[in-house]
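Before I ask anything, let me first share the structure, which is written out below as structure tokens.
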Amino acid sequence: MSKQKATPSHDGNVAHDGAHAHEHPPLSFWRKYVFSTDHKVIGIQFLFTALFFFTLGGLLALLIRTQLAWPWEEIPVIGSLFYAESGGIMLPENYLALMTMHGTIMIFFFIIPVLSGAFGNFLIPLMIGARDMAFPVLNMLSYWVIVPAFLVLLAAFFVEGGPPAAGWTSYAPLSALPDMVPGSGTGQTLWLVSLILVGTSSIMGAINYITTIVMLRAKGLTMFRLPMTIWALFITAVLVTLATPVLASALIMLLLDRTIGTHFFLPDGGGHPVMWQHIFWFYSHPAVYIMILPAMGMASDIIACFARKPLFGYRPMVYSIMAIAGLGFIVWGHHMFVSGMNPTLGLAFMTSTMMIALPSAIKTFNWLGTIWRGDLHLTAPMFNALAFVSTFVIGGLSGVFAAATPVDIFIQDTYWIVGHIHYVLFGGSLFGVFAAIQYWFPKMFGRMMDDRLGKWHFFLTFISFNLVFFPMFILGAYGMPRRVADPYEYQLFAPLQPLNQFMTISAYVLGASQLILGYNFIWALVRGPKAAQNPWYANTLEWVAPSPPPHGNFETIPVVYRGPYEYASPLVTADYLPQHQQLDGLEPAVETKPVQKTAISPASR
Amino acid sequence: MTVTYPTEANEQPFPGLAIQKFLMWLFLASEVMFFTGLIVAYIVIRFNSSSWPVVAEVLNVPLVAANTFILICSSVTMVLAFDAFERGQLERGRYFLIATMVLGIIFLSIQAIEWDELIGHGIVASTNLFGATFYTLTGFHGAHVTGGVLWILGVTIAAFRGHYGENPIGVEVLGLYWHFVDLVWIILFTIVYLI
Amino acid sequence: MPLRRIYLWMLCLGIIMLLVVACGGGDEGASAGGDEAGSGGGGDVTEVDPATAGKISGKVNFEGTAPEPELIDMSAEATCSEKYPDGAYTEKVVVNDNGTLANVFVYVKSGLEGKTFAPPSEAAVLDQVDCHYIPHVLGVQTNQPVVIRNSDPFLHNIHPQPQNSRPFNIGQPKQGMETEKTFPAAEIMIPVGCDVHGWMAAYIGVVDHPYFAVTGSDGSFELPNLPPGDYTIEAWHEEYGVQEMNVTVGEQQSATADFTFRGT
Amino acid sequence: MGVFENVSTYGAQVDSLYLLVLIVTGVAFFLVEGVLIYFLIRYRHREGHRAMYTHGNRRVEIVWTVIPGFMLFGLAVYQYSAWTQIKIDRPNEAEAVVLSLEAEQFEWYAAYPGSDGELGTDDDIGSPVNVIHVPVNQPVIIRLTARDVLHSFFVPVLRIKQDAIPGTTIPVWFEATQPGEYEIVCAELCGLGHYRMRAFLTVESETEFQAWLAEMAAR
């Protein structure tokens, strides 16, 4: 294409689907910040949208906890706002709506957009030394498809009957029959439409990421010189490409059941309710890894950087990510051990599920190996990254119980599962996100976040997080079912109320401590100290670009001479050796042949 | 749309492979998974159902067989179109594009006639699971064909404006999509009409 | 960095959206009642001249033998079953000591065409006491507020299934909770049930004028302040169906209309 | 602790498996977290200190792949028998008490075969809503189904849980070892009354059970 020059052009210096519109600077405000095709702006748009939904979902969670601690009590202020007509008391249907929206928002509108959308968009081109995504316009669309999804979901708050109340899993037939529960009227339909849009957006993003990572890596950046972040985002994108369309098909069938009166999931018409669970979990189990893998990758990079030590076992780390992704497609049945699925399948699914714990274990050991005999700079991002490891361990180990079918018969659909998913997604993904925000903030906005505030936020969050979610395993051991507005109706669970009240109070602390992060974030945006180009003395390519990078990212595309983890390298006196830095005579010739044949990894050196 | 890689130095894992083509392959992969979802649901429902109508009685198989042939022909014309553009015979290319588009429209019209017949027999999506699966599968395929036809229209117009002279990548990518839609139909025809 | 200013704006936008959602939630809470804008006044409200107004009164007699009352097993809800030491029974057929039939809904079926009546402001009450609806049969005027009260210390959900108005399904987890609803369209009769206690049943009759009554323990009814004219009145009973009767009301006259339902 | 008591024949086995997993994971937990914290303190940044330059070690990678691998696989295989016993090998209906249980928002309806010994015939003996009686020390097979949406039959003290699915009848079996009244929990979200979809399981002696059945039949 004619205008492919070394000078940064405004739509990134890549082949792209004809976005000639904004070729001549200066760009209008709209082009530059709203309908921008710059991957960095899009990434930051995703970041802000996701943070907004994080706040919303968090508030919903606090309401849920309030109800669980003091069921059917009048809720001060909020009660008069939301539940005016029932005298400030939350009704059962309100509770169901809350937990449904909390799950939906946190999973589909926070974690996935913030990991793949925000960091995927921002980091991929920077870390592989590209000027932009392969298809900037497609990239922009992936954001502007998700926006209507956001609006449609928010609209569900306002419609007759309120938001959907069938849980984030929306099991049929409850979700298919409009009059079974108040929220499964218009609210449920909006939920379906919204999720179809989100899925479309993720797919658009994912195929773009894969293309970019495979085709646009800088010279010398072979696949096995990619940072773990990129590997994780790459595998995640593959999962999205293959799994999300399956969810779309299920959503569409459910939508047809609700609108034009088909009977896919309705037994009275010969349909199969359990089929929904099979298709849903065939997507949603890989989705669990869509929600954790990028965090794993980012944590690996951050830990290596602040340990000033090469990542331990780079290739095993890569292979275990691939293994997780592969096995992720054959374990969905472990969500359905008591669903009436053929019990013999249970044995197979138990075995595959046990095996998928293995790669996670390998990753954990390698993280420990990375900090072993390291030189740990305990900054806020480092603390959060290590918290990711330690909580992910708990999440993973608690999963072993759920994998053991006989035990799972008891803990299925109890708070054990709730604790498990929160240790993986909050403890895991969210600490990863906290770490990533504070680690890449300088690159995103050219300013530094305050490390002391960061540490305060970390310790408060980490402690209160464990106080909220660890007791959930105790509740689970008691058999307290999830999605129950008032468990104390059962004599069995009545004694658990004090524990629940304790958890709720801890949850308030957890919520409050997020204010510190919010303050730190805004403060840094406004008057944080200017960030150097490479404030953490890291090796990867994004630190070659100025902070924040201009359109087109790099002055000239760097050439890569080595893997991303050359910390404490004996070749140099400094304790880091950037990927692009050339050391005369000490370098292997830059590979230009197809990478598959001649991958050079640090491990093999 | 002439560039396969940025002109700057970068890894070239598949020299000569255009990124548009790579993207299209990925898109088709996700499309495959989408139809897999629907088809698996259809198979599960059908082989657990006690009262499945005898397909030959409700559906006009010969008509649809003819329709299938038409769609296959449209794939052939699409190949010829791309071939023509590659040889730089833009005239021929354009006409084959138009031919493909016309065949696609004929396919859609015949499918519309078939739907109309079926509705005439009182079978709609809400009648039974046969109706539900039939209209869902054929409907989503039809939607893909419609999209394809519109895309061909766009490409044809571009072609008449003189595009694809030096690089027919646009046509090639469109071709990939069109062949995929064709392939999906062959599978659907087999499992919905023949089995 | 002009960029940062933009991000700040996006941040503010986010916060504003949060507030909107919060307040919206508030509106949702308030509007979830599904109250309809009063469609009572199709035109100007008809004035009934007390000087000329007459009335219809009568009795609903019962002949034959009433079916054995069905016993309800409330063992599922101990708090309730305790209230009925010698067993709780359904209210399908309640025959009074004076041989009349209770829970019969009597209303003017035709004769009031073209007249419109403003819905009364005072609310009709449907109470839930000891796993029973009180009253078992309730008459209301279109758009008249209906207050649904839970006098039991545990969850009831109120799940009416009207044909002409929008059905609703609300839970009342706590003693003393009240929810106000209205039925915008006339309907004979709307069945009301509770999914937590399957035996609970009530019927709501909705008519677009004030001339309706439900027979009580003496089986009598009265439709007062009725403008003179020819009317068809109908009596509805959940077991024995409906009976019609044509009545003419003269100025200041009091017409009588006695119905008789036959048991088996 | 009411809930930790177990009154079913296979409950003890489930509990022992739970304990086993708890021990295995507990050891792993303390090992990993302990090492993490130790490294955190031992290797924190000190001036002039430089990290060790290593990209890993194939031998340890193999070690910590193979050992946990075998442990996890063994753990899986070790569970087979219990799962098979609970969900697959049901006792023969001939020597078991068979009853049907239908779940509906938000109630449980149980029915026992009448004089003809067949379920689903019109002489079935209906039990009061939310009440189930079974004899002690006898295998019981419940034919579980639902009328409207998904529900889940969960008896914590029996260590049994099974979703009830409309349109499908799923047999659930257990053998209670101690008389008493126990709570039945609905464990699958089924609507606004889900949290109160509670029922009672009365385990009693054979004679009491027959007496109760006769009383129900009389109604």
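Each chain carries a letter (A, B, C and D) given by its place in the written order, and its residues are counted from 1.
Simple rule for what comes next: a contact is a pair of C-beta atoms (placed from the backbone, for glycine too) under 8 Å apart; a residue touches a chain by one contact, two chains touch by 3 or more.
Only a predicted model underlies this, so the values are computations on that prediction, with no experimental measurement involved.
Enquirer: Counting C-beta pairs in contact, does A-D beat C-D or the other way around?
Expert: A-D
Enquirer: If you average the CA atoms of chain A and of chain D, how many Å lie between those two points?
Expert: From the centre of chain A to the centre of chain D is 32 Å.
Enquirer: Take the average of all CA coordinates in chain B, do the same for chain D, and state the distance between these two points in whole angstrom.
Expert: About 48 Å, centre to centre.
Enquirer: When the C-alpha atoms of chain C and chain D are each averaged to a single point, how far apart are the two points in Å?
Expert: A distance of 44 Å separates the two centres.
Enquirer: State, to the nearest whole Å, the distance from the C-alpha centre of chain B to the C-alpha centre of chain C.
Expert: 57
Enquirer: What positions in chain A touch 2 or more of the other chains?
Expert: 91-93, 181-182, 270-272, 485-486, 489
Enquirer: Hunt down the residues of chain C that sit against at least two other chains at once, touch-wise.
Expert: Correct list: 154-155, 157, 169, 171.
Enquirer: Two or more other chains in contact with one residue: find those residues in chain D.
Expert: Counting only residues that touch two or more other chains, chain D contributes 105, 191-193, 195-196.
Enquirer: Among the chains present, which pairs are found to touch?
Expert: In this structure, the chains touch in these pairs: A-B, A-C, A-D, C-D.
Enquirer: With touch defined as at the start, can you tell me which chain A residues reach chain B in the complex?
Expert: It is residues 1, 4-6, 13-15, 17-18, 129-131, 134-135, 138, 203, 206-208, 210-211, 214-222, 241-250, 252-253, 256, 260-264, 269-272, 275, 279, 556-557, 559, 591-592, 594-596 of chain A that touch chain B.
Enquirer: So in the complex, which bits of chain C are touching chain A?
Expert: 1, 3-4, 6-8, 10-11, 14, 17-18, 21-34, 154-155, 157, 166-174, 177-180
Enquirer: Which positions of chain D touch chain C when the two form their complex?
Expert: 104-107, 128-131, 191-193, 195-196, 199, 219
Enquirer: What residues of chain B sit close enough to touch chain A in their complex?
Expert: The contact residues of chain B facing chain A are 1-15, 17-20, 22-23, 26-27, 29-31, 33-38, 40-41, 44-45, 48-49, 51, 125-126, 128-129, 131-132, 136, 140.
Enquirer: Name, in rising order, each residue of chain C that touches chain D in their complex.
Expert: 71, 73, 75-76, 154-155, 157, 169, 171, 195-196, 198-199
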